[in-house]
Amino acid sequence: MAVLTMRDALNQALHEEMERDPSVIVMGEDVAGGSGGTSGNIEAAGGIFGVTKGLKTKYGADRVIDTPISESAIVGLANGSALAGMRPVAELMFADFVGVSLDQIFNQMAKFRYMFGGKAKTPVVLRMSMGAGMNAAAQHSQTIYPMLTAVPGLKVVVPSNPADAKGLMKQAIRDDDPVVFFEHKALYSKKGEVPDGEYLIPFGEADLVREGSDVTVVALARMVPFAMKAVDKLAEEGITCDLIDLRTTSPLDEETVLESLSMTGRLVVVDESNPMCSIASEIAGIAASKGFASLRAPVEKVTAPHTPVPFARELERMYVPSPGDIEAAIRRVMEGA
Amino acid sequence: MAVLTMRDALNQALHEEMERDPSVIVMGEDVAGGSGGTSGNIEAAGGIFGVTKGLKTKYGADRVIDTPISESAIVGLANGSALAGMRPVAELMFADFVGVSLDQIFNQMAKFRYMFGGKAKTPVVLRMSMGAGMNAAAQHSQTIYPMLTAVPGLKVVVPSNPADAKGLMKQAIRDDDPVVFFEHKALYSKKGEVPDGEYLIPFGEADLVREGSDVTVVALARMVPFAMKAVDKLAEEGITCDLIDLRTTSPLDEETVLESLSMTGRLVVVDESNPMCSIASEIAGIAASKGFASLRAPVEKVTAPHTPVPFARELERMYVPSPGDIEAAIRRVMEGA
Amino acid sequence: MQQSPDQIRQAYRQMRLIREFEERLHVENPKGEIAGFTHLYSGQEAIAVGVCENLRDSDFIISTHRGHGHCLARGCDPKGMMHEIYGRADGLGKGRGGSMHIADLDKGMLGANGIVGGGQPIAVGAAVACKARGDGSVSVSFTGDGASNQGTVFEAMNMAVVLKLPKVFVLENNGYSEHTGASYGIGGDLKTRTEAFGMPVWEADGFDYFSVYEAAGKAIEHARAGNGPSAILATATRYFGHFEGDPQNYRAKDEVKNFRETKDALMTIRDKVTGAGIFTAEELDAIDDEVLKLIDASVDSARNGPTPGRDIMMSDVYIDY
Amino acid sequence: MQQSPDQIRQAYRQMRLIREFEERLHVENPKGEIAGFTHLYSGQEAIAVGVCENLRDSDFIISTHRGHGHCLARGCDPKGMMHEIYGRADGLGKGRGGSMHIADLDKGMLGANGIVGGGQPIAVGAAVACKARGDGSVSVSFTGDGASNQGTVFEAMNMAVVLKLPKVFVLENNGYSEHTGASYGIGGDLKTRTEAFGMPVWEADGFDYFSVYEAAGKAIEHARAGNGPSAILATATRYFGHFEGDPQNYRAKDEVKNFRETKDALMTIRDKVTGAGIFTAEELDAIDDEVLKLIDASVDSARNGPTPGRDIMMSDVYIDY
């Protein structure tokens, strides 16, 4: 096992899969960079966040495709090449750019197989960076996974650490269904141990990252390390939590959540999204329906507020649910019953 | 009071508001129709569903603007003209076309005021038809209000009957915030009494359309008449329900739901959307958090399945939650506690 | 007419098949058995067939909301299509897609598409696969005059040029975008706008199979030879309303009648072929008979086809979930 | 040079203001006090100022992610902007928008925009309002070479032509779209592509204020006179990276240096103005001093500005909710 950043773990997964399978291709704005430039550098960028570094140098311009700023056409490239037998990995630089490409995502790739009588196969991976943490403001910081989790036909991946990012990316590329892969910007530089070579994580299996008996804490992406902080702190006081990292929101591992809830009776859901119709809403709703018999206290939803993502450092910090917010919610839920 | 279809009630609201306020303008594909045609008819359509009938004939081409098929530019027309002082009512023929215009909705109109220091005012009404019921299949039948309810800065309206449609449309046009107005295709031809002239319904006030003591049933749009059928049928057996028509999902009238729940202790939420991250999830989640103390039985969520909307009559009928499904859910929730 | 009699017979048969398929749907539709929106292609047959007769099995096409003609021209099974339009469990889409979403991946037919402008970026993607294969295969999209104003179509054109893909854009100007005349919504003109992306555009008479065949042949050859994308622009008309039930208040009274009488695509090909002595009118009539029987049989079969059930509603959302 | 000395002084001052604003941000940025993405406009000053000096109070402009230059040229308060860039509670956006979202509705400045291609449809909407007013006001959008490939931009151009709106598209070709050369992503060329929608395009030297002023003047006059939309195409360069921190691996070593030495917009206007004897170098230097003091004061003030709190985070999502 090597210690890698999430960026490098993703990069490793891409390198390994491109090496393994010649039908894997990569496309997006500046996934290589330098095309049409004056330096002669054929890979001037390697992705704006460095996730696609080295791919063009190694696999060439036919498999690593720089594109104009045309997100609908980028996702279209992925959709059509997938229908025609390739395994495209397309990049939307920022998740917020679903705004200019949603049709290709939710009306096209998600629905082909269903509408076309079960014949179509659309093995697209659509990567996008998401989340607050870089003060990139309202149009470059959103966590729009709830919107896409709602769409039947899409699988949705939300890794929280480098090892998962690698294992889930390799699974995503081999998966025959369309996968939307969210990469949290604030996690790219976080390091962790990453298994070498062949390492795949199946979708729909949440990870129990902390075990405890008092409260079930459900989190995803950047909220997992934040929740860890809160959970570990409370453990010192003797309040112990199951901490569940969802890893994928579609499929959603309800079983693991419900099983934990049946032991703890208390639930805190942590989601960086805006509150309404969020993953927090979804999990809380599941608790109210399928988990009702277990529930001993009001569910606590810890989310961003119902506001756009603000720019200033102080504001963004307030906006994003913090370890302190999570800790407070766990305490509240302990008092609740 | 006249008896009108929802289509005509909406049309009346548009006529009245255009008459009242010269800054109200209408735009979209075939909102008039006939431009560039060979019949010489300057209003060959009046909207594909007839909602904008008579407007161009009465108010002229400057205020009733036929557009090319360019949904991003249509919403852009609304956004820019609103920023510049008009009150545009723009039409997306089908809600599914947010796919090709989402950016202007969720990154632009929703966020101007916040990003721009509170100076901008964007009084757009964005009308769109939604829902199953016409066998229009997967790309013309979706109920995407959860996706937009999640977006801070948007108000979201989901009327269930002609009177509400009129009162909410007039409010929407006068409202200074951007409003997304969902018109259920299967309701356009439904009739109801509609107050004449000045009639406004404030946002964020749900309507208690049936009163009862056993179960709280929350529904919206076409699910309201379906739920009425189920509730009325069960009333004959002595099972009585509060039936709450949300009318707007943003703002969401939590108070009315929670107050009812505090009396009944049982909750059924009916939502035509796909299940995940839906309004059903949201309301169920609210019950699990703020309504927990009242809750005596597992919440029942009645939604469409996690599938695209299928085409065939039999399939679409199965897809849409039915009065029978709602009735069954109410019975289950009665057994649950 | 450098085509062999067999080629011409096939083209004529395909055009007749489309014509009769659509004319029959126009008759059946008011009876109430067919659900949803039905957009008929009658009047434009020469375009779909003129293009598709140039294609090989390894090529791809993608269609629009008005897809029956393109599907049939590409060789989709008329019976499977009819069953789909009637919402049957054994239709091409198992009754889940309907008229607007007919596809057959086995035929390289990537689907009709209910979103105007939805297909073009996908077809560009298929062209990426064609190029990667290196076997000279091409990807073709059909685009209406109205659709030509959708941002995604411009992006698709530009992308195809930038990546120099084997992609052919077929622009079908039938004069209307729903209830609006084509000229109203188009700033500039289609040919100049398309050429401005740096690709050649060949014009064709959309009523004349031979004209379309020739223009499409040039475009497809251009692509197969590795010269990148191009377009053909074909003008025709649609005989019926935008969708079945459209009262067509935007059209002059005799517009369609005049087209039918003076320009009709089937009439045109018949006149040319009989005039050149390739086939007799009787030989062509025999093809018509065969086609009519096939359509009769398809409708009968579709009317009595199996109703889809819950298993069909719930399946094929994912391959594995 | 038919402009009055006052006009020229104002133009020079605005260009200097942009230049120094940006050069100073480039110095301040590595110090870590400025959060988020900062896209600098240095090198393109003549374009923003050449356009905006033609405008009236009732006109509208909309900008891009690279918005400082357009904001300043339109008369936004440099101090309010600097406070915003530093995330202060009394910045133009109350610290909620930052560099990428500076706007001032009171100045008809409809915002910088973080979405490439996001602004153009909005500006077309503002043109609808201009037309409705009937006071000859116009709406102007700025569009980069990279942005010109976004579907929304094509739609906006077409819509403006179809509705014959008083809309001016300013195309700024600075040679790069992030890390990619402009030529790579553009099928055809910007001028032909824009003209193909049926609007005139005037070209300008984007380093030369007078050239841009003249081209923009024609376009704006065209719009004011009710002749519909048009465009100007101005070519310049950006002196800094795409965003602050960009190592610019895609650029030849001396590219920027050469531009600075041979084409610089401030140098060009100074040479012309002093050469024509309108102002002396000393007079212009005095303007420079004034500007530098203003920037100093703005940065000092911004660095010590009030921190936004929870009330600011929670407000202005709606007017009434």
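Note that the chains are named A, B, C and D in the order they appear, and that numbering of residues resets to 1 at the start of each chain.
The rule is short, and it goes like this: contacts are C-beta pairs under 8 Å (C-beta built on N, C-alpha and C of every residue); 3 or more make two chains touch, one makes a residue touch a chain.
Given the structure is predicted, the values throughout are model-derived calculations rather than measurements.
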item: Chain labels contacting subunit A and also subunit C; value: B, D
item: Rounded Å distance between subunit B and subunit C, as computed from the means of their C-alpha atoms; value: 35
item: Inter-chain centre distance, subunit B versus subunit D - centres from mean C-alpha coordinates, in Å; value: 39
item: Centre-of-Cα separation between subunit D and subunit C, whole angstrom; value: 45
item: Shared-contact residues (touching 2 or more other chains) in subunit B; value: 67-68, 70, 72-73, 96-97, 99-100, 103-104, 107, 114-115, 137-139, 152-153, 305-308, 310-311
item: Residue numbers of subunit D (touch at least two other chains); value: 93, 96-97, 101, 113-115, 118, 149-152, 155, 158-159, 162, 184-186, 317
item: Category of the chain touch graph - line, ring, star, complete, other; value: complete
item: Residue numbers on subunit D that touch subunit C, as the complex places them; value: 149-155, 157-162, 184-189, 192-193, 195-199
item: List of subunit A residues in touch with subunit B within their complex; value: 72, 96-100, 102-107, 110-111, 114-115, 137-139, 146-147, 149-153, 249-250, 252, 267, 273-274, 276-290, 292-293, 295, 297-301, 305-308, 310, 336
item: In the complex with subunit B, residue positions of subunit C that touch it; value: 35-37, 87-88, 93, 95-98, 100-101, 113-118, 146-147, 149-152, 176-186, 249-253, 255, 307-310, 312-314, 317
item: Touch list for subunit B against partner subunit C, complex; value: 29-30, 33-41, 44-45, 48, 66-73, 96-97, 99-100, 134-140, 305-308, 310-316, 318-319
item: Residue numbers on subunit D that touch subunit B, as the complex places them; value: 60, 62, 84, 91-94, 96-97, 101, 103-106, 110-111, 113-115, 118, 120-132, 139, 151-152, 155-156, 158-159, 162-163, 315-321
